[in-house]
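After this come two complexes, each holding chain A, first together with chain B and then together with chain C.
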Partner chain A sequence: MSYAWFLRISAMRKALALILVFALSCFLLLPLFTLLIWAFADQWTFPSLLPQQVGLRWWQWVFHNGDLGNAIKLSFEFAPIVTIASAAICLPAAYAFSRFRFPLRRPLFVSLLAINAFPKIGLYISVAALFYRLNLMDTFLGVVLVQLINTLVSMTWIPTAAFNSIAPELEEAAHDVGARGWRVFWRITFPLALPGIIVASILAFLASLDEAQGTLVVGTPSHITMPVIMYTLVSNYPQPVGAVFSILLSLPSLVLLISARRFLTAGYLAAGFRVK
Partner chain B sequence: MAGLTLVDLTKRYGGATAVSNVSITLNDGELLSLLGPSGCGKTTTLRMIGGFITPDEGDILIDGQSIVRLPPERRPTAMVFQRYALWPHMTVYDNIAFGLQLRNKSREEIRKTVDDALVLTGLPGKEKRYPHQLSGGEAQRVALARALVLEPRILLLDEPLSNLDAQLRLRMRDEIRNIQQRVNITTVFVTHDQEEALAIADRIGVMNGGHLEQLASPDEIYTQPATLFVASFIGNMNLLPGSITDGAVQCGLLGFAIPQDARLSGSTREAIIAVRPEELVLDGHGPYHGQVTQSINLGDHKLLVVDAGEQLVRVAVAREDAVPRGTAVNFSARRYHVYEDGVLRGTAVSNDTA
Partner chain C sequence: MQVVAPVPSRSWRHALTGLLLVSPPFLLMLFLIVAPTVQAILYSTGQVPTDNIVFQSDIDLVSSATPTLVVYQRLLSSPYVQADLAMTFQVTIASVVLVLVVGYILALYVRFSTGLLPSIVRVLYLIPMFIPVVIASYGLIEFFVANGFLQTILAQFGIQNMPSPIYTPWGIVLGQVWTGIPFAVLLLGSGLDGVPQELIEAAQDVGASFGRILWRIVTPQVVTPLLIVGTFTFIGVLGSYTVPYLIGPNAPQMLGVAMTAYNGSYQRPQPAVAMAVLTFLIATVAGAIYVWGTSRTERTAA
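Presenting the complex of A and B:
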């Protein structure tokens, strides 16, 4: 005896699929939705289903609170610097991985993954031990360095794939018409790899913006970024403040990911994780 | 416009020799076709001339000056790549102008040179297009224009027609030859297509296994193949292995007299007779006979497959000749070659048949 009789009716199947999609959307979006309501709830007490009073009170409060304002400012200072530093280190490495054959090339390429193979907090603790000796604890440079760790894989692998996808003849043709090394790179190789480099940069920017554990370990007490302050926020401030902050934190990700949609779907992400 | 000389050019990869002792002298304005199967070393040779591969031994001279130590950007050569290698992020105009901009020419001069090149290659009006908006033939012309605007002394073409469909290939072949002669530029043209080579080249260099097998005019390559490889690679050829008996090579039931001037080494008793189907003629009084087993219509002529006892031979006949299967025929050979140890030893030409 089968209970699956309703699956044989196509209308039923469609209805079921719709219900599943709806349930999944609720699961993903409902928390965000309550977050949105909380952020604009000036007053919201039990047993009311919706806030009694809606406004921008908590937004003003957040922007006028010195600690929180500083955290926002600091986060947006770290993110671009970490992105640029990461690009400066990883792009030459990516080009080398793509164009040159050297001993241990493959092991080195794969070893970048090792960063993700262990619990991060253990890594940060040992980094902190090292930074104490180097006097890098609670310094701007220390935080930049610890945030760099999370950007290395994507900033190396995705541009490597981008460089790999450029046919060597395109560079040879440029040499053939008289261009030398740097000219070939800037006029031919770099523009062709740019979509991949943009994707990698966006991921690095977001990784820095969202990094909490490493910054917490290395940066406290005076280098507190947005994600770090979230920890204290939840326990020490009224709930709407947390909501406002969460939205501020997700907004850049949302904007960047939407604007990079074109590049993200171009196959660089998938290609980046193919080990050659 | 210049002469090109390759002296004992050799390239090895690990233990394998890709190109072995290739020596060629090309005259001003000549078009040389390097012809051979894939892996024969023809593209490696071309890339050594362009500077993309460094030879292990030998020298490359342009107008008597060695360029073998120069990087590609300093050689007076220009290459058209097999897959065109147009820069996808630049327009047709920028693709052609890039090399001129590097030479710090004035804007007006560049515009004029590019416009001339567009006219020469039949591309006016396409300068604002991007490579992905071009057809195969147009991309080919842009690649050619990009190479020609720099007024190179040597033009290098790496299988430039292999990505085009059959119709367009014929048209572009004639067009490349036309442009090459108008500009009068010394050219090396790599191809695996013998028809292309025969049609376009002043001279053909047939390569096999890294060696230059024969370097000669298309006529000579076709009528006097210097080695067995050339004989089998170019055109249609009956190759009949046989044994040397006094004054003749006996191939199964077919006996071929060894020509007077043939220079056999005498080291073996084996020889191979090579005879083109069109040099075999149906002839009631011919010395050979056999039975037609198949008739292949090739449009402008027919090939008969004739069973001559131990050998199957192909005989070309005119389009109108209807020879049904099973017909017993007699035939004779007007012209054939004798190969010993893979090398041409003599050619027999009979003068009694029309």
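Presenting the complex of A and C:
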């Protein structure tokens, strides 16, 4: 037992760990569980542990509300566009960071992190001030640009790590049997780096889908996406409306996570954060 | 990695291609980070561009030929903004401390224990990463609010009239901890992975206690990740809007909520931008402490 110094097995410690893990799961899961109950509650008043009346009334209400429908549509227009734009901008850079030697390579790579070193809402307010001058406020392009901010780091760092993990010998071997530049890239390098690229794309897609602050500042009043409309739902509507909408907004994350779970190892997620 | 050809002209072309390929994200950074920051500094110091109606529309517009700090003086002398600033600092520091403590405990637990329980925690702590902050905030409100689900559960056991943290500064801290856990545990965990097992075993062999090993062997090895998590959580909380807007009190507000209100509903872009620049300055100080801290630990390590 190599970790015995940390956990000298004793019933007391096991019980303590169990209690702490239980408290942690309550803290992390019960708020989400609360929304799940609210989404199916037609009537639920304190101090009843469960709703007095259960039903799908609010689901119908949400699906028949035009504003909410528009927000859903708009969100699913932005997310793929932002993901593709981000990939087009960052993937060649990731490949270059991994495979080319050029001046300032290391400083440039690290300086991307500066994006995360900005207090975000301050940055969005400043971006809005610039967008006023460029007439980009409340435009589709303006919202795409502001959502791109949150994808640049992970879309560059994770694929760079993926390209780095491919042994150059594999590419050299392909060269030796006569394959040339693009062919080597598409047949060898790209497929091997694909898991990393998929993880980065999923994160970019979710970053766009879940982005609320920048879109609120730059896209109001006519580019209201799902998370932005949540601000209104939370404060101005009965609880079930916000709860139903929360589930609708979480579904894409859930589906993407489950379908891509074999790529989403903690190792890859941490790779985007690791500062070497 | 790539074998660079010995011919100089070829490596020169190689370097140029490399620079060309990496330029798009940096051009975008120039446009979306550098340009807005420079313009925000100019606008908030009275250098108002004449080509824009929105900039001119500020009721109390300060416009001057030479840079002036009048906008900042007005802001900082307002008792409302002073209260906002004070609460911003309190919430931010409390959040950073709690995220560090909870994150470090979880990272240690996940790294140094084996069995079913830690593998559950390994999945649990990642969950907030995939929940939009708006939804997390809403869930926390409905769970912790007065007469919410938590009080409902407690009422079954006869516990009543517990104060609710929602719509108070502590509610904001709660939200920041909830959303900040994945980043903290991931980063601290990857730092702990780098602590050599031999070092711990050697310490055990000479009979060092758990606390002593933790404090003298493990923690010094993860000072840099701790500093990174501290700094980025600080900047993240400082620049947050959703959590304080939804969970926080109406007054005083955190700076992020206040500046958004100035920019939007109050139609006062100039003080809004000045507040943004203030948060940049505070973040710069935090960043400087981080750089100072990491260079110091590197020197003591050497």
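What we mean here is this: the second predicted complex is superposed on the first by the 257 of 276 C-alpha atoms of A that agree within 3 Å, B and C clash if a C-alpha of one lies under 4 Å from a C-alpha of the other, contacts with A are read in each partner's own complex, and residues count from 1 in each chain.
We take it that a residue touches a chain if its C-beta (ideal position, glycine included) is under 8 Å from a C-beta of that chain, and two chains touch if they have at least 3 such contacts.
All values derive from a computational prediction rather than experimental measurement.
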Fit or clash between chain C and chain B when superposed on chain A: fit
Which of chain B and chain C A:178 touches, first, second, both or neither: first
Partner chain(s) touched by A:260 [first = chain B, second = chain C, both, neither]: neither
Which of chain B and chain C A:92 touches, first, second, both or neither: second
Partner chain(s) touched by A:84 [first = chain B, second = chain C, both, neither]: neither
First (chain B), second (chain C), both or neither touched by A:17: second
More chain A residues in contact - chain B or chain C: C
First, second, both or neither for A:192, with chain B first and chain C second: first
Which of chain B and chain C A:141 touches, first, second, both or neither: neither
Least C-alpha distance (whole Å) that remains between chain C and chain B when both complexes are overlaid: 5
Overlap of chain C and chain B interfaces on chain A (superposed complexes): 172
Complex interface listing, chain A residues touching chain C: 2-8, 17-18, 21, 24-25, 27-35, 37-38, 46-49, 88-90, 92-93, 95-103, 105, 108, 112, 114-123, 125-130, 132-133, 145-146, 148-149, 152, 156, 164, 168, 172, 206, 209-210, 212-213, 216-217, 220, 227, 230-231, 234-235, 239, 242-243, 246, 249-250, 253-254, 257, 266, 269-270, 273-275
Residue ranges of chain A touching chain B (in the complex, touch as defined): 167, 169-170, 172-180, 183, 187-188, 191-192
Chain A-touching residues of chain C, taken from the complex the two chains share: 1-4, 11, 14-19, 21-26, 28-29, 31-33, 35-37, 39-40, 43, 49, 51-52, 54-55, 106, 108-109, 112-114, 117, 120-122, 124-144, 147-153, 155-156, 178, 181, 183, 186-187, 189-190, 197, 200-201, 203-204, 208, 210, 213, 224, 228, 232, 235-236, 238-242, 245-246, 256, 259-260, 263-264, 269, 272-273, 275-280, 282-283, 287
Interfacial residue positions of chain B with respect to chain A in the complex: 50-52, 71-74, 77-79, 81-83, 85-89, 98-99, 102-103, 146-147, 150
